[in-house]
Amino acid sequence: MLVVMQQDASEAQIQKIIQRLMEDGFDVHRSTGVLHTVLGGVGGKDDFDTAVVQVMDGVKEVHRIVAPYKLASRAFNPAGTVVKVRDVEIGGNKVVVMAGPCSVESYEQIERSADIVADGGASVLRGGAFKPRSSPYSFQGLGEEGLRLLRTAADRRGLLVISEVMDAVQIPLLTAYSDILQLGARNMQNFNLLRELGKIRKPVLLKRGIAATIEELLLSAEYIMAGGNYEVILCERGIRTFETYTRNTMDISAIPVLHKLSHLPVVADPSHGTGRRDLVPPMACASVAAGADALLIEVHHDPDHAFSDGAQSLYPDQYFELMKQLRVIAPAVGRVVE
Amino acid sequence: MLVVMQQDASEAQIQKIIQRLMEDGFDVHRSTGVLHTVLGGVGGKDDFDTAVVQVMDGVKEVHRIVAPYKLASRAFNPAGTVVKVRDVEIGGNKVVVMAGPCSVESYEQIERSADIVADGGASVLRGGAFKPRSSPYSFQGLGEEGLRLLRTAADRRGLLVISEVMDAVQIPLLTAYSDILQLGARNMQNFNLLRELGKIRKPVLLKRGIAATIEELLLSAEYIMAGGNYEVILCERGIRTFETYTRNTMDISAIPVLHKLSHLPVVADPSHGTGRRDLVPPMACASVAAGADALLIEVHHDPDHAFSDGAQSLYPDQYFELMKQLRVIAPAVGRVVE
Amino acid sequence: MLVVMQQDASEAQIQKIIQRLMEDGFDVHRSTGVLHTVLGGVGGKDDFDTAVVQVMDGVKEVHRIVAPYKLASRAFNPAGTVVKVRDVEIGGNKVVVMAGPCSVESYEQIERSADIVADGGASVLRGGAFKPRSSPYSFQGLGEEGLRLLRTAADRRGLLVISEVMDAVQIPLLTAYSDILQLGARNMQNFNLLRELGKIRKPVLLKRGIAATIEELLLSAEYIMAGGNYEVILCERGIRTFETYTRNTMDISAIPVLHKLSHLPVVADPSHGTGRRDLVPPMACASVAAGADALLIEVHHDPDHAFSDGAQSLYPDQYFELMKQLRVIAPAVGRVVE
Amino acid sequence: MLVVMQQDASEAQIQKIIQRLMEDGFDVHRSTGVLHTVLGGVGGKDDFDTAVVQVMDGVKEVHRIVAPYKLASRAFNPAGTVVKVRDVEIGGNKVVVMAGPCSVESYEQIERSADIVADGGASVLRGGAFKPRSSPYSFQGLGEEGLRLLRTAADRRGLLVISEVMDAVQIPLLTAYSDILQLGARNMQNFNLLRELGKIRKPVLLKRGIAATIEELLLSAEYIMAGGNYEVILCERGIRTFETYTRNTMDISAIPVLHKLSHLPVVADPSHGTGRRDLVPPMACASVAAGADALLIEVHHDPDHAFSDGAQSLYPDQYFELMKQLRVIAPAVGRVVE
């Protein structure tokens, strides 16, 4: 930690800072410049709240030097992590496509979805079983029955399964039926849930919150990894900005930034990133061109009658067409799409 | 719902929209203007997702007419709601001050806090018992023991208690010890928790999420009220913007806007709204001047050694001084501070 | 314009709105629904400020129906506009690359730049001659001498020239030396300058302001077009958000959205969009994959010693490598890069 | 400047940074920590672009130590600056109110406005003479005739005049007629205009841009002051956020923050800050409670028929009522409103 004192900081103020840092176990090095005294704090508690020093008298600014995440940082595994589930490698040479409906609605729907998804070339089937909605009267998901249908449909077509966990009590159910557990944007800082996901040994796809910085996303990944679960997949799915035409502003630059700062694989979700079906294909193409390791896309056999998220679900033909485009783009970044 | 068609929309496109709306139970009125055809949809499902129509061919824009919240709207109780707990009225003539430390740390700490809080003139004692933190090694709160200490200290000084609930399983404990349950910003859209809070009969202080619009805050209030719990108190505590000097940008204008749109009382939390002790008094004053019904403020007998949020906790003297200022300001808006 | 009245709006309030709209030349159609009265205003002044009605008593919300831009809208030229300068077509089958240094610094620098730019396959040379800087003591650009050097270097290699205009008094100079005039993000709503650019007959590349919505960008394009200059090229170059790792957040989704709403060609500027050299290639690739008609990229023969914007200027080798990637990607969206 | 190297930075990378900094005149001090090497750069060019070092290999982060503004910083005049125009002191004990219409529309209008403004107790009359508008067919202001009318009306009632300058060519006219020159939010970073305003000897009210940070506002003030004009008044008028109910989000916390960082007086503009008449009084009260030295408020004798900004202009009665409230609030912060 570096504490930069104000130009006119008094010796008494400087001493008070030094004392405060030493109380928390820091060794303090003092460097007196022409204009500013700079105090360097080494050691000390990892979770020391720098704001405490920031508001002390005479302090101009405080900078943390050591990144607050370690396990999630690129330095921890410079070669990059490949999350492998059966024969699917996320973070490897192939760009992995995860596709399917927002919610599992019925046997017929998920079976048809699995066929579309597999025919197009994706290797993971997505589908939600728990759907707490903004209205208490809306469709709330099929629960365990939905997971069972999802698993059956995926197995028939040789697909992996990804599904969202909303609460710690659902973890046993999801680990039983799903190959990858998805943690939604609203739960990115649900620390209880992060801790529980650190205890399991299944990959977790962690979505960036709509108001979360890239650093905060990595801190949440760190939380899971600190529990011993190193198979975390990061997901960009749009942030909230002043622009209202799109539901969110998809931050494509987060993809190369995450690759620079972290060794974890990065997935892009253009369906939630835009909220509009017509924008999904261009943003999916852009994501792969920017280096995404995988895509998470909503596809429905009949989006006009989907129980949820219909507006952002691709028609089957759009999905097939998109897969063709991706096969052309991937080689530009040294990847392939099957 | 009003659907405005594009200038060049075809009759077939218009018919497809009409049919889609009728499927969901809407009566459709068609109005053909010089440039645009406008379709008005009346009735239909409350939770109909307008985005489904938004992305259909030939559609220019879609506007909901009926606000998606009813119980929380001003029209539901034009005179305004007063949440009454024993002799404290939130939303009444007196500006209510809720003050105390971020976390309950020890018997001595909370007893001293209660004295400071009561001596200054506040009527509610705040303090957290569950503190899931960004580091799994940090202080996690005292749990039930913390609640017990909080209750004891408050009772000794005739104060009410407010404390945060983080998970549905904590609800019984909190209803047992606390007069008001606080729902944090990160849980504003935790629909499971909202539903459970709708079932209890204790006031809930609902904090605005850092990326939540005013409308979304009211929708979350609606969710609680739909369950039968009408005692919801809204809380502005800062939103995330591009400005980095403050931790959040406190949206003071949300106070009069919420009063216009809703009958529910509005509380301001300048401690989280700014993240810096030196900004808390001016923002507390501003909040009361803008019409806040109550304040939620962090005060600690020794902020430099607080277990959490020390940088934004007031020193006792700052708090006493602030209370004096508030007594001058309140009459300007027809209120009093005791 | 649609005016939705509150549920409890009185007849007197409704009549006052009707009268107000008629004063401004609107024909008013009244539609009484189950819950809300809706007033439709047709005709009236194009620049009527809907906020005036918005704040009147009894009004719930006001929606404009007719987009405030016409000439810039897709409906004005559904096939899409191709801006042609000599043999370069922006908006045609080829993705056009505009590259070069931030500022023209010297004869040698711009000559070397022109060689790099042309060798890589770009067809337009960029370079600034006027550089008002945040410090009055910094390099302010070479002025007319810079434009002369830029033109000479471009002509030698058969390149077009694009350069920025900062003030209306510079327009004659820029029209003399430059094939395309660039209007910077800070001037996107400089209405004096927009009006003057409407009078010339040279293409204008209009950059989106960092806090401008897509609609506001189109309104500024409309302003130029209203003056008779129809050759406007839109440019996405990043918006300001809460994320601080990148200088701006490049809104890639604006590319397909602009193509949907407008017939004008769309350029992406990943150099300003990210502010970091290492992010320029992935974001350039993403832009082309999302359908950009052209790219505007900063390249310098020695970025470490550039007079300005060195951190976001590509090294020559990075630029050559990027051009190779783009040649692979473009066919995925039915385009070519030469 | 502090350059923090990555943990795994090589000696060659470190040497390259040192050399780069020395080229630009920095003395470099090296400090090798347990995990990170930190390089301190002292001296060197004031306007050195730290991003150049930020993107070099092996660099983790770069922090400027010396604030990029000096003349505008609080340290330059710890007691605070009072801008005095005749007998009006901005930054002194009295909260100064500047009020009047958005535009000067006619002799009668501005005379009536001056009466209202003076009767209410304000001491400065505002009114625009140049109104470049989003539509080229809208009212564009009365120009010099407007300034003449404004001056005459103000003089009759003993008021000062404030009016906006849009272009450097208007400076002579504005200095002739107006006591304070206002620079609008869109021109906050118009460096040509800032430089010209540095040459005059009249106070300049500098508005914060809607996407400008507090630091950027102070940098623009520095630009004017560097030219020798030290009478700069800072103005908060709302920033752009994701919230759409209000036109902008007024950042009330900027008022105490600016007072902390700078010695310059701070004005609040709740009219532009909210865009809605009904929100102006609460936000004006909040601004004074938060320590604003002055207010800038739009008042019109007939807002429903104002040529511009009618929706955010107060009715005369609202203004009189507001002035009464302010007289109650000001003493809470040690001020008075006359």
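The first chain written gets the first letter, and so on, giving A, B, C and D; residue counts start at 1 in each chain.
Keep in mind that, in the parts below, a contact is a pair of C-beta atoms (placed from the backbone, for glycine too) under 8 Å apart; a residue touches a chain by one contact, two chains touch by 3 or more.
Because the structure is a prediction, the values reported are computed rather than measured.
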Report the chain whose CA-based centre is farthest from the CA-based centre of chain C.
B
Pair of chains joined by more contacts [C-beta pairs], A-D or A-B
A-B
Here the gap between chain A and chain B, centre to centre from mean Cα coordinates and rounded to Å, is 27
Could you give the separation in Å between the centres of chain A and chain C, each centre being the mean of its C-alpha atoms?
31
Please compute the C-alpha centroid of chain A, do the same for chain D, then give the distance between them in whole Å.
39
Multi-chain contacts in chain B: which residues touch at least two other chains?
211, 240-242, 244, 278
Listed in rising order, the residues of chain A that touch chain B in the complex are 20, 46-47, 49, 51-52, 54-56, 68, 132-138, 166-167, 186, 189-192, 195, 209-211, 219, 223, 226-227, 240, 247, 275-278, 304, 308-312
Chain B partner, complex, touching residues on chain C are 2, 4, 6-8, 29, 31, 33-36, 38, 40, 42-43, 60-61, 63, 65-67, 75, 78, 240-242, 244
Chain A residues within the chain C interface of the complex:
211, 213-215, 239, 241-246, 249-257, 260, 273-274, 278-279, 282-283, 285-291, 325-326, 328-329, 331-333
